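Next come the structures, one after another.
Here subunit A shows up in two complexes: once beside subunit B, once beside subunit C.
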Partner chain A sequence: MSVHTLIDLPELTRLLRECAGEEEGVDLDGDVLDTVFMELGYDSLALLQVVGIIQRDHGIELDEDAVAEAETPRALLDVVNSAARAERIAA
Partner chain B sequence: MTAQAVVTGLGVVAPNGLGTEEYWAATLAGTSGLGPVTRFDAGSYPSRIAGEVPDFVPEEHIPSRLLPQTDHMTRLALAAADWAVEDAAVDPAALDEYGMGVVTAASGGGVEYGQRELQQLWSRGKEYVSAYQSFAWFYAVNTGQISIRHKMRGPSGVLVTEQAGGLDTLGHARRHVRHGIPLVVSGGVDGALCPWGWVAQISTGRLSTADDPDRAYLPFTDQASGYVPGEGGAVLLVEDAEAAKARGAERIYGEIAGYAATFDPRPGSGRPPGLRRAVEEALADARVTAAEVDVVFADAAGVPELDRAEADALTEVFGPYGVPVTAPKTMTGRLFGGGASLDVATALLSLRDGVVPPTANVTAPADGCALDLVTGSAREAPLRTALVLARGYGGFNAAMVVRRV
Partner chain C sequence: MSAVDTRARPPHDRRPDDDTGGPERIALLLPGQGAQRPAMAHGLYGTEPAFTEAVDEVLALLGAEGDRIRADWAADTPAVPLDHVSRAQPLLFAVDYALGRTLLARGLGPAALLGHSAGETAAAVLAGVLDLDDAVRLLAERIRLLAEAPPGGMLAVAANPGQVAHRLTDQVVIGAVNSPNQLLLAGPEPDLGTVAELLRADGLTCARAKATTGFHSPSVRAACAAQIPSFRAVTLRPPRIPIVSGYTARPLTDAEATDPVFWAMQPAEPVLFGAALDRLLADGPYHLVEAGPGQSLSALARRHPGVTRGGSRVTPLLAARPRGPEDDRAALRTAVERLAPAAGSTRDRSRFEARA
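Showing the complex of A and B:
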């Protein structure tokens, strides 16, 4: 994990599994970076739960609209990691 | 002509049996599922006996996606619904999704889940409360989860009338069928075996405080000292008889022939309770006379004055010792919204096999209780018509007539 990355894909899939389970027939360990969350079996509530835990455990605040627009793991990781970088710069 | 509502599938989760046939075999044998509470430490509470569903491993029945968002009783309900659909050999994907409704009974929703999340809120803060709390503890949660799982988008709802709910929900399912909905998943599976649910039950003053599971719930006897709460219930697939025939349904357990609900007058009014009127109206609705009823599944509160009121109502309608009466819930405890649905499932199995299960642990009714109570062992008899009674705390009464077709 680079110093500029708060969480990576394996960490995100771990959180998704822990918070919202795993849809049958979906391989979360496969190439899912650009697969939309709905296809992975995760609805907005599942993401609300995951995002809530990321904010809580890392003490960061994420922009609600940006989170809502993030439809894939890559997009969500981008929202999380750029928020973390912005906070570090501000600090 | 009014559509005929028939039951084509059963799914049972009960303290004395997981799955319909396991439950039925245990019930006919008089095997009780009551025992000391193990789901939480009940040692400091005045009541310590419950009917817990044993050997239910959620991971074996529930997809992992649903585990973080479901209360224990919702998991039981989802399993029972799966079994009912399977039992009816119906393929929901092949039917019009707006022609299938879901109507269940509830008493408090996902109380155990709710307690856990409220404890997180108070002790650690809102960041520790699950997002799924938003619906997991909701009264209508079982209806919603069953509807989503089987893609049933027809008229749906939840009935909350405490222990009468298990009949009211089936009465409501019949109403939907009569309004042209071909299939309704109905019934109740309920439970709240956690401190929050426990104290809510204790506050009614009707819980048994006996510590011997075989002496704790003895309805209609001189030793009656309250009831034992349990968890579980039954999901029933209710269909329009013509629609069931059209899709080639192989088995029809019976018809929901009559149903009525009444409400007790306010305490101190001097007017009689509403149970007898519910019985009479359900019989009239089914167009059967008292003499045509072959067996009664009693509400069996286990509280002396309530037992007396029920025995009086039955004696007034059927005459002294006029009809066999049984209370298999002595083997499961009272299951809140689930109990009366389980009684209807049990009544349908009785009709199927021509045998009345016993009232467990009861040897003889109290003096002055003129009921032909089926005790000791199951009683074989040719059965065509059964009456099921249920009362909910707060004045709810319901009666349902089911008939072999």
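Showing the complex of A and C:
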């Protein structure tokens, strides 16, 4: 994890698992960085839940449209980490 | 499966009821209100013969209104917004039904059907419970009645029923239980908006579903009850293909299938999709095929234990976010390639490959 990275893939998969709950365990162990969230079983509501937790735990604001456009873990990590960098520069 | 009269099934759908050695069985998942989007499946219209024919049959039965619906389907600025009941409902029905017909035309007949909300009406027609012309006439009447219901909506909430119970009112109710962690609340405005604010303050994740009517709530009960006489006037038959009902979470019995009140009141009753999917997959494994716009039901199915651990598979017929008509055609092509070796006979396959 570089100094400019707020969240990495293992952390994101941990959050995704937490939101899905124990009853609904999707396999996130493979190379899922570029797999579309819908194919992993995460619809827009499930993602909104994950994003809500990230915003709350890290005190950052994410652009709603950018989040909605992020179809893969890689794209979502980019949105989160670039927002975190922007906040750090502003601060 | 004993309730099914195999003699009434089309020949390509006849296969041994054998879970172990037989071919993979297809179960269609048919989405309802909320799944609609501009130009949904429009890329198949005019290029996929069975799909085109089925959509045209539905729209022709709607007369001049059918022409206006066709014009709004992929319009940049539709005369009536696509989320309105008078556009969403007929187009969802047409697309779900036509995708079912597309699979039948390729010899990929389903062994079971499960519709979400209005998707169950498309299932009823595919299973022969309702004739297409009766179903479309009843749908047109239902739309007129629902258009007079109080303005309302639906709210997706990442929660289980217990987490929202204290926020429900006599008007804002649970309209659908989609999974252990996903609900749809339904009701009139401004009540629904008030409940949404309270749930957000509780720390729950909420998102507006695409509806301008409070489906599956008391606000549409009167409109549904007014349609009971019309349902009594049509012929209802036992299903030729088993339907797992989203309203009972069990295989539809012959008595339910032929009960006019059961069908008339569906838009006012809660949808138990999660429990119905549990029931379907308890008889699995199935190859679950989403026959409708988007992949909302596929996403729910993909995280179901019957799929993650039970050997069932999921194949949507359309893209999650199509970016143009070619995406619709590519998604169908990919899906049929996944399905053809599973359910088609050698002859069916070679016929498809010869056409492709």
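Here is the rule we use: the second predicted complex is superposed on the first by the 85 of 91 C-alpha atoms of A that agree within 3 Å, B and C clash if a C-alpha of one lies under 4 Å from a C-alpha of the other, contacts with A are read in each partner's own complex, and residues count from 1 in each chain.
Simple rule for what comes next: contacts are C-beta pairs under 8 Å (C-beta built on N, C-alpha and C of every residue); 3 or more make two chains touch, one makes a residue touch a chain.
Note that the coordinates shown come from a computational prediction; the quantities given were computed from them, not determined experimentally.
Student: A:Q55 in the overlay: touching subunit B, subunit C, both, or neither? Say first, second, both or neither.
Tutor: first
Student: Check the contacts made with subunit A and report whether subunit B or subunit C touches more of its residues.
Tutor: Between subunit B and subunit C, the winner on subunit A residue contacts is C.
Student: Tell me the contact category for A:L12 with respect to subunit B and subunit C: first, second, both or neither.
Tutor: neither
Student: Of the two partner chains, subunit B (first) and subunit C (second), which one does A:E71 touch, if any: first, second, both, or neither?
Tutor: Touch partner of A:E71: subunit C, not subunit B.
Student: One more residue to check, A:M38. First (subunit B), second (subunit C), both or neither?
Tutor: A:M38 contacts subunit C only, not subunit B.
Student: In the overlay, answer first, second, both or neither for which of subunit B and subunit C A:A83 touches.
Tutor: Touch partners of A:A83: none, neither subunit B nor subunit C.
Student: For subunit A, which residues lie in the overlap of the subunit B contacts and the subunit C contacts?
Tutor: 19-21, 23-24, 41, 45-46, 48-49, 52
Student: Can you name the residues of subunit A that touch subunit C in the complex?
Tutor: Residues 19-21, 23-27, 36, 38-46, 48-49, 52, 71.
Student: Under the touch definition given earlier, write down the residues of subunit C that touch subunit A in their complex.
Tutor: These residues of subunit C touch subunit A: 156-158, 179-182, 205, 207, 295-296, 298-305, 308, 320-321.
Student: Would you tell me which residues of subunit B are touching subunit A in their complex?
Tutor: Residues 63-69, 127-128, 130-132, 134 of subunit B touch subunit A in their complex.
Student: Which bits of subunit A are touching subunit B when the two form their complex?
Tutor: Subunit A residues touching subunit B: 17, 19-24, 41, 45-46, 48-49, 52, 55-56.
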